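What follows is a group of structures, each given as structure tokens.
Common to both upcoming complexes is subunit A, partnered first by subunit B, then by subunit C.
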Partner chain A sequence: MDLLNALVALANFVIIPALSYGSQLALGALGVTLIYGILRFSNFAHGDTMAFGTMMTILVTWKLQDMGVSLGPLPTALLALPLGIAGTALLLIGTDSAVYRFYRRQKAAPVILVIVSMGVMFVMNGIVRFIIGVDDQVFADGARFVVSARGFREMTGLSEGLVLRTSTVITVATAIVTVAALFWFLNRTRTGKSMRAFSDNEDLALLSGIDPERVVRVTWILVAALATIAGVLYGLDKSFKPFTYFQLLLPIFASAIVGGLGSPVGAIAGGFVIAFSEVTVTYAFKKVLGYALPDGLEPSGLVQLLSTDYKFAVSFAILIIVLLFKPTGLFRGKSV
Partner chain B sequence: MSVPVKNTLLFLVVFGLIAATGVTSSWNVALGIVNMGLISAIMALGVNMQWGYAGLFNVGVMGFVALGGLGSVIVAMPPVGEAWAAGGLRVLLGLALGVASIAAAVLAWTRMAPGRARAAALIAILVVGFIIFRRVFDGGVAEVEAINPASTGYLGGLGLPVLFSWPVGGLLAAGAAWFVGKTALGLRSDYLAIATLGIAEIIIAVLKNEDWLSRGVKNVIGIPRPVPYEIDLQNSPAFVDRMTAWGFDPVTASSITVKLAYSGLFLAVLLALLWLAQAALASPWGRMMRAIRDNEVAAEAMGKDVTRRHLQVFILGSAICGIAGAMMTTLDGQLTPGTYQPLRFTFLIWVMVIVGGSGNNFGAILGGFLIWYLWVQAEPFGQILVGAITSGMPEGSWLKAHLLDSAAHMRLLTMGVILLLVLRFSPRGLIPER
Partner chain C sequence: MQRLLTATAASALVFGAAVSAAQADDIKLGVIFGFTGPLESITPDMAAGAELAMAEVSDSGALLDGATVTAIRGDSTCIDAGAATAVAERLITSDGIKGIVGADCSGVTGAILQNVALPNGVVMVSPSATSPGLSTAEDNGLFFRTAPSDARQGQVITDILVESGIKSVAVSYVNNDYGKGLADAFQAAFEAAGGEVTINAAHEDQKADYSAEVGALASAGGERLVVAGYVDGGGSGITRAAIDAGAFDTFHFPDGMVSNKLVENFGSEIDGSSADVPGTDSPGAQMYIDLAGDAFNPTGPFSPESYDAAALIMLAMQASGSTDPGVYKDKIMDVANAPGEQIFPGELAKGLQILKDGGEIDYVGASAVELIGPGESAGNYRQITYEGGEEKTVKFR
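For the complex of A and B:
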């Protein structure tokens, strides 16, 4: 029995990966939830928006790498991020005035907007594939580890290593900064307050002189920033492949619904609920239990509840449980 | 121009386009488009029932289509005797235990009084059930998959004629639709969309990973056919004599005959389903459905059980997608779970329904043929277009090579633009609902 090593193994294989995946999902779900709160539809193009933002950032990163610019131990992509966000914001505002605005003026049913977003998804998916192709792109550079497995073992004398990758630290730090900035913006600035007012009661907001088009524009810019940051962090952590980003749609929506569609706090909580369940359920606990249980009781099998291929099943199962027992989500989002 | 004349003209234009392919490239290609067009039309019919009749947004078409494909494996492939002897019953017993523990959990939830005792019982039943299920099931799976993994390694099917698999595929899809509909219907319309998106991904994951069921990514090949094989026709003297007498090359004629036989079967299914769908739409049931779609609150006030009717039409539409999926797997003669892509099997069907005209069965069928034709042809057209654009660029330039490589991705862009344009400028589609 060796609880310390068990804890280190648990942190290394479950807690740290789930923390960084959860931050990425939370940022993605915040984008979905903002669109839902202000524009009142589920945006199916969100995964592809993330892919587009990441692609823009990768292109700028490549350019910077060519010019020999780097951030030392940090990935160059962080430097390229603002330009990536700007490009995505332009695309989203352009899409809004070319596509969504027409239906907003018509006061079309939300489900029509969902179908329209499906068309937008097709187009964005096509653009991304057209420009960068369908293959994996690795664009992370700089130092790989903050703490390496060997360094940790030498430092502590434990037999189990703890790896802390640079991308993990950057993911969590960036997510905290982004979320703090977003909440400051929504709660403290005039524009943010007008956005919340618009989300709560559209008619009342219009009566008090809030310009709806401005609110919508600011929303798209925020969504562009959130989607690009989420996409770039995911790409730094794993790798960039357009189809994977499309598939992220399910866990992201699950996070937003678990937390309550339209509720920003809920989106963050939902992201971590989904990420922790996914990693816990698909991790083989053989090693952790081998350390934690007394000698002679070690498990013989992998003690893995579900194979990693079924990670979507986890988001789906949680989604179903929430729909069955608490359709408004944990933080009581907008109507059912 | 009256409505029927216009609609007939539209159909003639689409078939003219396909026939033009027959003349310019080959009739084999054209018949291939017709066959997949027929299957696409059936899928579009199913989605049109859900969206056009009832306003339900199903983005899990791919999953139901894949379940239909699984149906044809289960029905038509010969059973693998050794695998059944090794662990077949154990696998089935494991599954039965899994279902039983879920049933027990549901029973506990509904029968026991709310409180801590109920929650504890529920968790205990699920945990114990899961452990027993994995104990029994995993061993059986390992035994089955160990039997000759290179060629079988799965349980096989029932060895029945493949035509039976079409209704079975429909039933499988209906079962999955019941499960999704039961949880997600009656809530916000977006929730159904997300739940169906999820179930589709899970069905594909199951098909890819449960080797004992469908051989996973090793694919099931050689599913028996309902029509003769080309090679048998070519070896039959009577067929060769007749085709030579008519002035055809026997090899080409054999593959065209096989394709025509498929077209006949598919057309029969399409016509039967179309007749049923039209009859349903014209019946009091169809009027009720449209009433519910147009104003749920009013329909509910008139005593209609909206959620139940939605569940009904959702299951029916998904079953039709399942039938089409089984037909497609029969046509391919193989089940390849790796090829199911949501953009191809879910969103393309939606483009067909929207472009053809939601709420109108003929519109869905027209959309099925037209969009399938464009989907097949977008690639060569894209190549020609990009070739023309890049012809002026210097040889070996980076941009030229990149553009030529990317021309294949023009399809998605084209489909997205078509969908957006139709939604904007002609939201009721080519053949609007009357």
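For the complex of A and C:
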């Protein structure tokens, strides 16, 4: 029984939160990695693209809620997602033709594009704040819990509660579906193959008659979809605040780089590596050990490897170690 | 196009000069709050409070032969000391402000004080910087606050918890001067009262994910979680994650967390929790609410203190007959404390008149101002409890 309690406590405070945070990071990192792989620059505006997509989705969600549409136990935002993606795709394609295309034609160095994307980041940040304001927006509706802490305790008779939130389940499920669809698209469809060809060798791809503008457009649409889905999932799980999305940029880039920039599999692995390392290394094992160890051996201290202040240090230490020993990342992306 | 721009700029300059010449008796006061950043949802009501006092004085025409007072807003960002210092520097050197109402957060307030206010000799009256560290900071008599030090708040929280029969708590604080100062002050007071603090851990503001922090807090345990953070930042994030994971059922929220936003975000999920926020049951509080009307939310945190901060500066100018910060700084304690006639919100004209006639006043204001020690409020707190998704005042301490 005590061992069960220990497992439940571990699952509730380490495994489930890290799983859902990891999925959000993985989706974000996929977007970054796609742009890096195909357009060959690090897109700093990605966090704010997520914020913009989420904002579009929230606006549509509010409209739907006003009209009385709902999905029952599921959040209405899922219904609004396609429109949110469409709006974001329009914005990204617009930004591309107004800004990035100019630099692409000039064959500008990647570092210039990075700085340009920073400018785009500030503009998008401003647009989002201007339209929806700077405050927290809570837009999750439907059932909040699949299993609540109290319900679980009553059901099992354990003293530890296990919480399974609707948003966690949706996050993990959507992440799996999205990633599967993306891989199918990249590996099985003609457009996906032409994108990979373009990514591997631009000149060769051009010679074989691939339309570069079309590849770029499709890339932005995919990025819009990934960013909006990641942003909405994150917003449903926590809350929507433009400033926090800007802050998400750092862990997302860490995930993409750890996994290997340009490698989709790497982005997913990187997301989970970062999320799990942040949560596990700083977890205080007092409670878990208190259950698992025999009487009299319970720890009196917190049994915490590092204080939670260091959780960012942990993810960046991993980043540095990976870059030192495997500069291309865990899954052989393009070197940075 | 370029010529058009030049012309516009030139005419703006001429126009600006004309305007400033026309208002020779216009006194400018800086209002430096974090209009962006983790306090951005409460600062508009704070600034509106300060500007209300300035408008009241300007309309009365009683200040220094009918001078008017204009507010110049600056963004302290609450967290970026560099940006805050730059904005204060600009307000002093290019706008020529004679005093600062602000800043809001303790960290940027200390930075502006040391880097800008001291070298330039400008008075600062902060309505909301509560770090105990500011009590002992070197200030040449230029720094005051209408908010109490958190050393006092730590004691108040201890009293509230002990009276509710709570013996062990976990503490999560935002990793800055305010959070650290308050958490340490509280831990010292609570342990002196025989309570146990199971963990006293920091959280970074505005971060994406707080599962790691909540995991550690839950593992340490405690009857209640004290969240010394910001409602627009990590404080809400920690609370949300703790409720969702079933880690804690009740909380205690210090002043940075108390806001309509808290009730909006959590509703009945925080039933049974307690909170404290600077506040008073003196008649001044109600008069301030009536005075503000519907223009803004006068019950917002630190809005009354902001009104009082601005009022103190202007009353001290009148008492000393000068707008020079080096002169009027000595009068701030005099106008704030007894003896003299009590002055409430909406009565600034009366106070100015008494001072003009050589009388004495005891400014009570909206927050029952009583300055002690190094020029900080003695501290009145409103104890709050949450029931049925609503905020209820228990009593005043």
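Definition applied: the second predicted complex is superposed on the first by the 326 of 336 C-alpha atoms of A that agree within 3 Å, B and C clash if a C-alpha of one lies under 4 Å from a C-alpha of the other, contacts with A are read in each partner's own complex, and residues count from 1 in each chain.
Everything below uses one rule, namely that contacts are C-beta pairs under 8 Å (C-beta built on N, C-alpha and C of every residue); 3 or more make two chains touch, one makes a residue touch a chain.
Only a predicted model underlies this, so the values are computations on that prediction, with no experimental measurement involved.
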Looking at the overlay on subunit A, is there a clash between subunit B and subunit C, or do the two fit? clash
So in the superposed three-chain picture, is A:N12 touching just subunit B, just subunit C, both, or none of them (first/second/both/neither)? second
Just checking: does A:S307 make contact with subunit B only, subunit C only, both, or neither of them? Give me first, second, both or neither. both
Once the shared chain is lined up, is A:F52 touching subunit B (first), subunit C (second), both, or neither of them? neither
Touched partner set for A:N125, first subunit B, second subunit C, both or neither: first
With both complexes overlaid on chain A, does A:Q247 touch subunit B (first), subunit C (second), both or neither? both
First (subunit B), second (subunit C), both or neither: which does A:F331 touch? neither
Figure out whether A:I257 sits in contact with subunit B (first) or subunit C (second), or with both, or with neither. first
So, A:F316: does it touch subunit B (first), subunit C (second), both, or neither? first
Clash-bearing segment of subunit B relative to subunit C, given 42-50, 78-86 or 330-338: 330-338
Shared subunit A contacts, counted only where both subunit B and subunit C touch the same residue: 134, 247, 307, 309, 312
Using the touch rule from the top, collect the residues of subunit A that touch subunit C in their complex. 9, 12-14, 17-18, 21, 134-136, 138, 148-150, 161, 163, 165, 234, 238-239, 241, 243-244, 247-248, 251, 275, 278-279, 282-288, 302, 304, 307-309, 311-312
In the complex with subunit B, residue positions of subunit A that touch it: 41-42, 44, 99, 102, 110-112, 114-116, 118-127, 129-131, 133-134, 246-247, 249-250, 253-254, 257, 261, 305, 307, 309-310, 312-313, 315-316, 319-320, 323-324, 327, 335-336
Contacting residues of subunit C [partner subunit A, same complex]: 36-37, 40-41, 175, 199, 201-204, 206-209, 211-216, 218-221, 232, 236-237, 240-241, 244-247, 261, 264-265
Contact residues on subunit B for subunit A in the complex? 55, 57, 59, 130, 183-184, 187-191, 193-195, 197-199, 201-202, 205, 208-209, 342-343, 347, 350-351, 354, 405-406, 409-417, 419-420, 423-424, 427
